[in-house]
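What follows is a group of structures, each given as structure tokens.
Below, chain A partners chain B and then partners chain C, in two separate complexes.
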Partner chain A sequence: MKKTTKLLIKRAIGYIIGLVLFFAPFGLYQRGLMALLGEHGNPDIHKVCYTMSIQSLLTGGLAKYSLGVALVSLYLLMIVTVFFGPVFCGRLCPVGALPEYLSRIMPEKLKLKLKDKVNPTPIRYGFLIAFAAAPLLGTSLTCTFCGFSFMQRLLNIPTVGNIGVLLSSTIITGILWLIIGGLFNAGGRGWCNYCCPVGAFQSLIHAVCARLPFTFKLKIDRDKCKACGLCAAACPMGSLKLEGGELHRNIHSCMECGYCKGLCPTGALSYGTGRDGWNDSMISIKKKETADEKA
Partner chain B sequence: MWKKWLLRALALALAFALFSGLGMLMKKGVAEKYVFTKALSEEETIVVGDLSKQLLPKKLLQPGYLDFTSGHRGGITNDTGKAVKLQVVADGSPYDVELKSTSPGFDALTGVYGRAVEDGAQVTFEALVRIPRGELKNASGQEIVVHFLNADTGENISDLVLRIA
Partner chain C sequence: MKKRDLGTMAAVAGTTLLSASAAGAAGCTGACGACSFTCALPVMGVACLAVGGQILIKKKSSGKGGEKK
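Right after this comes the complex of A and B.
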């Protein structure tokens, strides 16, 4: 079996675990937490609802929340992100994984190269600001524009027998999430890159906390990197780029999925604590080649 | 360098404007969901489902599947002064109607709520109405009455009228 296939299967296992943990009819995470907190309700993704609690946190409305599944989940997400980066996105979230894996069945020539053409950083933070400001502006970007909710609808089909009532907003969300951002987009992570407040929120935390020595992050050993570009070509978020013969990473869109680390033929990429090495002085390819030749 | 930052700031502002605009459109889409509140002391509450307010995506894909809901967190208030074991029953509907509730123990088959609703407490209620595509033109003016009954005595406490416009 090819290395890429192995890695994709390994990652898929994580996303399936995420699906079983967070989405009905399974919702093992919610069931466990509800039992622990003595809470009742439907163990679907709405019980956790990261989007509403993040919006409440950003707008100062979190005080209205009682300590329940949603609030505990938000705190857990934040703690995990502080120490390990946005691993919820990269290793567990099936909402991002579904369009990514769908996009792999589409021929490359039919796909938009959004991640190469539109820098996701200002867009996703612009979205996060619009999302946080929505209650003040009287707009709606939570339940009406939610990939998590759409995923839950898809999973309800086998148990309920239909996808439920679709509003225009739900239909637009589905098209952006699965079709434009997924199926017809290189990497399939258009929704994650531009439209997911949960991802943007984690990236913001990670961009700050990755500077701390005790937190986990994607690291590079410039001495080992041969700038082959294998990782950059494969990165579903487009956060790795080969520019001027050197590998660069955009921490604001990296979801710490570990795909690049697994693909790296020289072991230059790793995930751990300490300095990340991305800002280390670059060893130019020419110098490297000369050194290789001499050796 | 400053040009790069200026471009980023512009992109950020543009994204903010774009997504705020999208949020406005999404808000309009919310009008396709008919949200209401109801007090059980009211003899009759009328909720209007206006099909003409549907946006194009809904019109094209699922124009006849309508959602009348009291929301996730309650919306139906027992203000009758006593605890009551509630049952909901749809009456006189020419269309397929599904009655739902997220309140604990609700039985979708019988429409009986699992626990008695204390005075002042709230429960949720949702009615999903399916109008076949071919009947949409003649749907305007049709009414579906949902009776809120005392499940123990069968007494009719209050009515909810779902009116299609």
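Right after this comes the complex of A and C.
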């Protein structure tokens, strides 16, 4: 079996675990937490609803929440992101994984290379700002464009027997998430890259916390890196790029899925604590070059 | 972050907020679904054009004309 296939299967197992943990009819995570907190209700994705609680956190509306499943989940997500980066996106979230895996069956020539052409950072953070500020203008974007809700609807077909109420915004979400951002997009993570507020929120935390030495992050050993570009070509989020013979990473879109680490033939990429090596090494290389020039 | 990126971020945030508040002001809650086709068809059209355009550009650049320098 090819190394890439093995890695894809390994990652898919994580996403299936995420599906069983967070989505009805399983919802094992919600069931466990509800039993612990003495709550009742349906164990579907709405019980957790990261989008609503993130919006409440950003607009100062958390006071209305009691310490229930949603609030505890938000705090857990934040703590995990502080220490381990956006691993929920990279290792568990089936909503991002479904379009990514679907896009792999589409011929490459039919795919748009959005990640190479459009920088996702300003768009995802711009959308996060709008998402947070919308309630101040008397409106909300939480349920209007929700990939999580759409995934739950898809799962409802075999279990409940219908897809639920299909609203205009739901159809647009489906088209953006599965077709434009998924099937016809290289990497298949267009929705995650440009539209997901949960991912953008985690990236924001990770971009700050990755500077701390005790947090986990994607690291590079510049001495081992041969700049072969294998990781850059495979990264589903388009976070890695080869420029001027050097590998660069966009921390604002990296979801710490570990696919690049597994593919690297020289073991230059790793996931761990300490200095990440991305900027420091570049500085040291530049310093070395200047020293050589002077000599 | 570059100035251009900050501009893009502001533009995305602004247009999203404007369209959301305009829809809200017009009484749209996204609940009735009556405009499904009027909303969905242009999006699908744009997607088809984008995919088609991408293929045409690729064919052109690898064909007789070659890439412009």
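The rule we apply is simple: the second predicted complex is superposed on the first by the 279 of 295 C-alpha atoms of A that agree within 3 Å, B and C clash if a C-alpha of one lies under 4 Å from a C-alpha of the other, contacts with A are read in each partner's own complex, and residues count from 1 in each chain.
Here is the rule we go by: contacts are C-beta pairs under 8 Å (C-beta built on N, C-alpha and C of every residue); 3 or more make two chains touch, one makes a residue touch a chain.
Everything numeric in this text was worked out from a predicted model, so none of it was measured.
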After aligning the two structures on chain A, examine chain B and chain C and state clash or fit.
-> clash
In the superposed arrangement, which partner chain does A:L110 touch: chain B (first), chain C (second), both, or neither?
-> second
Please indicate which partner A:H40 is in contact with in the superposed arrangement: first for chain B, second for chain C, both, or neither.
-> first
Contacts of A:T59 with chain B and chain C, given as first, second, both or neither | neither
Report for A:Y125: first if it touches chain B alone, second if chain C alone, otherwise both or neither.
-> both
Just chain B (first), just chain C (second), both, or neither: which does A:G138 touch?
-> both
Is A:S270 touching the first partner chain B, the second partner chain C, both, or neither of them?
-> neither
Mind working out whether A:N156 is in touch with chain B, chain C, both or neither, as first, second, both or neither?
-> neither
First (chain B), second (chain C), both or neither touched by A:F184 = second
For chain A, what residues appear in both contact lists, the one with chain B and the one with chain C?
-> 119, 121-123, 125-127, 129-131, 133-134, 137-141, 144, 165-172
The residues of chain B that touch chain A in their complex are 8-9, 11-20, 22-30, 32-33, 54-58, 61-62, 65-67, 72, 102, 104, 128
Per the touch rule, the chain A residues reaching chain B in their complex are 40-42, 46, 119, 121-127, 129-131, 133-134, 137-141, 144-145, 165-172, 194-195
Over in the complex, which chain A residues touch chain C? Could you list them?
-> 109-113, 119, 121-123, 125-127, 129-131, 133-134, 137-141, 143-144, 165-172, 175-176, 179-180, 184
Interface residues, chain C side, partner chain A - complex = 1, 5-14, 16-17, 20-21, 23-24, 30-36, 39-40, 43-44, 47, 50-51, 54-55, 58
